[in-house]
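Shared between the two complexes below is chain A, which has chain B as its partner in the first and chain C in the second.
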Partner chain A sequence: METRLYIPPSPNTPEVDFDFAARRLCIRGESYPESAVGFYHEILQRTRDFLGSLEEGEVQVIIELRYFNSSSTKMLFNLVDELNAAAKLGNQITLDWYHDAEDDTMLEFGQELADDFPEIHFRTLPIETS
Partner chain B sequence: MSIGTPADFADGGRDGRGKPPDLFESEIRALETACQALDNGNHQDHRRALEALIREFDRVIRDMRRLINHADRTERELSRANQRLTELTRGLAYRNRHDGLTGLLNRETLIDEAEALLAVQAMALILMDIDHFKQVNDRYGHPVGDQILRDVAGAMRTLAPEDGLCGRLGGEEFAVILPGQIAGKALGCAGCIADAIRAVRRDGHPGLRVTASFGIALASAGTSFDRLYICADDALYRAKHSGRDRIEVVADCIRGLP
Partner chain C sequence: MNQYLSPCHDRQACITRNQGLVFYYVGYFSQNIINAIGDAVRLRLECSETPGSLRRKIFSIFIEMAQNIVHYSSDQLTLESDRTHEMRAGSVCITQESGHFLIICKNPVTPEWAQQLRQELEALRVMSVDQIRQSYREQLRREAPEHSKGAGLGLLTIARDSSGPIEYALETNPCGDVLFTLKATL
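Up next, the complex of A and B:
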């Protein structure tokens, strides 16, 4: 299995840097691809494979999205579901949810995820913009 | 018993023929598994299948709730952004038509309005120039000069007839356009503004006095605005060269000038 999945950012897709060897998965930017299913399919598949190979491992997930459309939202749920399933199996999953300090919408979304998936160690982290 | 296949209801569902996977791929997979168990299994399998369905249903409800909440928040945000955009557009439209210092119509807008009016209707053009304004700026400073310009604009706005339009053409030059070729009305308007300008005072500058010179021209409908402007400017020139603080009139643009 390749130890890293890197997708550079584009105007409507985020930068994806999943360093499976370092157990560090980052998504940054904006997400409104023409086909969210197409864009996230490999990301989800590779994540599923990676999580399946873990045994009581520690994984750090960083999500720093400024905007995502509805289809991307559903794909994020699927990703968090996979992480949640891995957490239930005894893995330590930390999810850092970065949001613009002024953006209550993103903060509330992160808080909802934290409420729904208590087995993932969620942190909502504001980014101060000048 | 057959309850069908959930993929039948999916948008571009997984059919193994190279179509992209569905947005609800994992849910569909779970439902397919449960449906097969219900179709083929015994009582124990039925129970497990129903439990799986309930878990999926519960998860989908949670997903939907979050999704709808997020969509609602995004819509509110979008609505607020639209409102801000509308306000900005309105502000830009205003700034595009008005002089930033005085709030009167700017040169381009006033000329556009005058040309449109003169095409269909007789019109009077009052040109006004503050006398010795450079000396006001030099002696009292530009902030005082700017305040004088705002005072003059305020007087014009207050004293011009309701159907008139006031503008700042640039520097210390202003204009009023009035519908109708009525010299008395234009003279009355200019006279009131001249009086108001003479009465302008600034705190801390007791010696400050301001006057203005006026050139008025009148023209019938269909006259070119350029012609009217030349006539009014000629009248203003005469007012300046006859000692300032006065009003000169060209009653008919067609016959008023060579």
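Up next, the complex of A and C:
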């Protein structure tokens, strides 16, 4: 299995840096691709494969998105669902959810994920902007 | 592309007279065009004295509306079989009127799609804020509907981010298609 999935950022898609060897998965930037299903397909597939190979592992996940559209919301929900399933199997999953300090929608979605997926060590972290 | 896509009946007069105009685009929409005009919308709002939370909601509604045009307008340049890099016609207008932001989009749709829209929008219009949130949460956990090219959350997102009920119109135009107008108020 390849040990890293890297997708550079574009104006409407995030930078994806999933360093499976280091067990550190980061998504940063914007997410409003024309087809979120198309964009997230490989990300979800590779994450599933990686999580399936873990045994009592520790994984750090960082999600720092400025904006994501409705279909990306669904894909992020599915990603966190996969992480939660791995946490249920005895892996330690930490998720740092960064959100703009002024962005209530982003904070509420993070909190909702934390409530829905209690097996994950979830932190919502505000970023101060001008 | 037809003239009915203009959000105002008297387009020239409307644009020149309207002091509150933030952004207006009529023409073909593709994802690349959305990226570019999205930048312009963001900058335009940042330069105004609009609070950050409101700017984000306007941007969110704008993106959902523009992507709906790319996915579902019946006036398309690209082939029906081409599911990526689609290019379809419509218009989006963001304007300020008596202390509110209005975000209006227009695009032609097929009669079948018009029926689908009417059903979804009628249901949304009578929902309270809490019911919209609840419906959003439920849809997030369900499989996307078969007719959707996304997650089936676009109209719910527009309704959630609006401060009042969303308004819509479906008018049969002379070309046989139905002209769809959606208006969100913030």
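Just so we're on the same page, the second predicted complex is superposed on the first by the 129 of 130 C-alpha atoms of A that agree within 3 Å, B and C clash if a C-alpha of one lies under 4 Å from a C-alpha of the other, contacts with A are read in each partner's own complex, and residues count from 1 in each chain.
Here, a residue touches a chain if its C-beta (ideal position, glycine included) is under 8 Å from a C-beta of that chain, and two chains touch if they have at least 3 such contacts.
A quick note: this is a predicted structure, and the numbers were derived from the prediction, not measured.
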| So, on chain A, is it clash or fit between chain B and chain C? | clash
| said: Let me test your reading of the model: by the given contact rule, A:P11 touches which partner, first (chain B), second (chain C), both or neither? | reply: second
| Looking at the overlay, does A:S71 come into contact with chain B only (first), chain C only (second), both, or neither? | both
| said: Per the contact definition in the header, classify A:E34: touching chain B only (first), chain C only (second), both, or neither. | reply: second
| query | Does chain B (first) or chain C (second) touch A:L113, or do both, or does neither? | reply | first
| said: A:E102 in the overlay: touching chain B, chain C, both, or neither? Say first, second, both or neither. | reply: second
| task | Considering only the stretches 39-47, 57-65 or 147-155 of chain B, report the one that runs into chain C. | result | 57-65
| So which positions on chain A get touched by both chain B and chain C? | 35-38, 70-71, 73-75, 77, 104-105, 112
| remark: The chain C residues in contact with chain A across the complex are 31, 34-35, 38-39, 51-53, 56-57, 59-60, 63-64, 67, 70, 83-86, 137, 140-141, 144, 149-151, 153-154, 156-157, 161
| Which residues, counting only chain B, touch chain A once they are in their complex? | 12, 20-26, 59, 62-63, 66-67, 69-71, 73-74, 76-77
| request: Please give the residue numbers of chain A that touch chain B in the complex, ascending. | output: 35-38, 41, 70-71, 73-75, 77-78, 81, 104-105, 108-109, 112-113, 116
| remark: Given the complex, residues on chain A that touch chain C span 11-12, 32-38, 67, 69-71, 73-75, 77, 100, 102-105, 112, 129
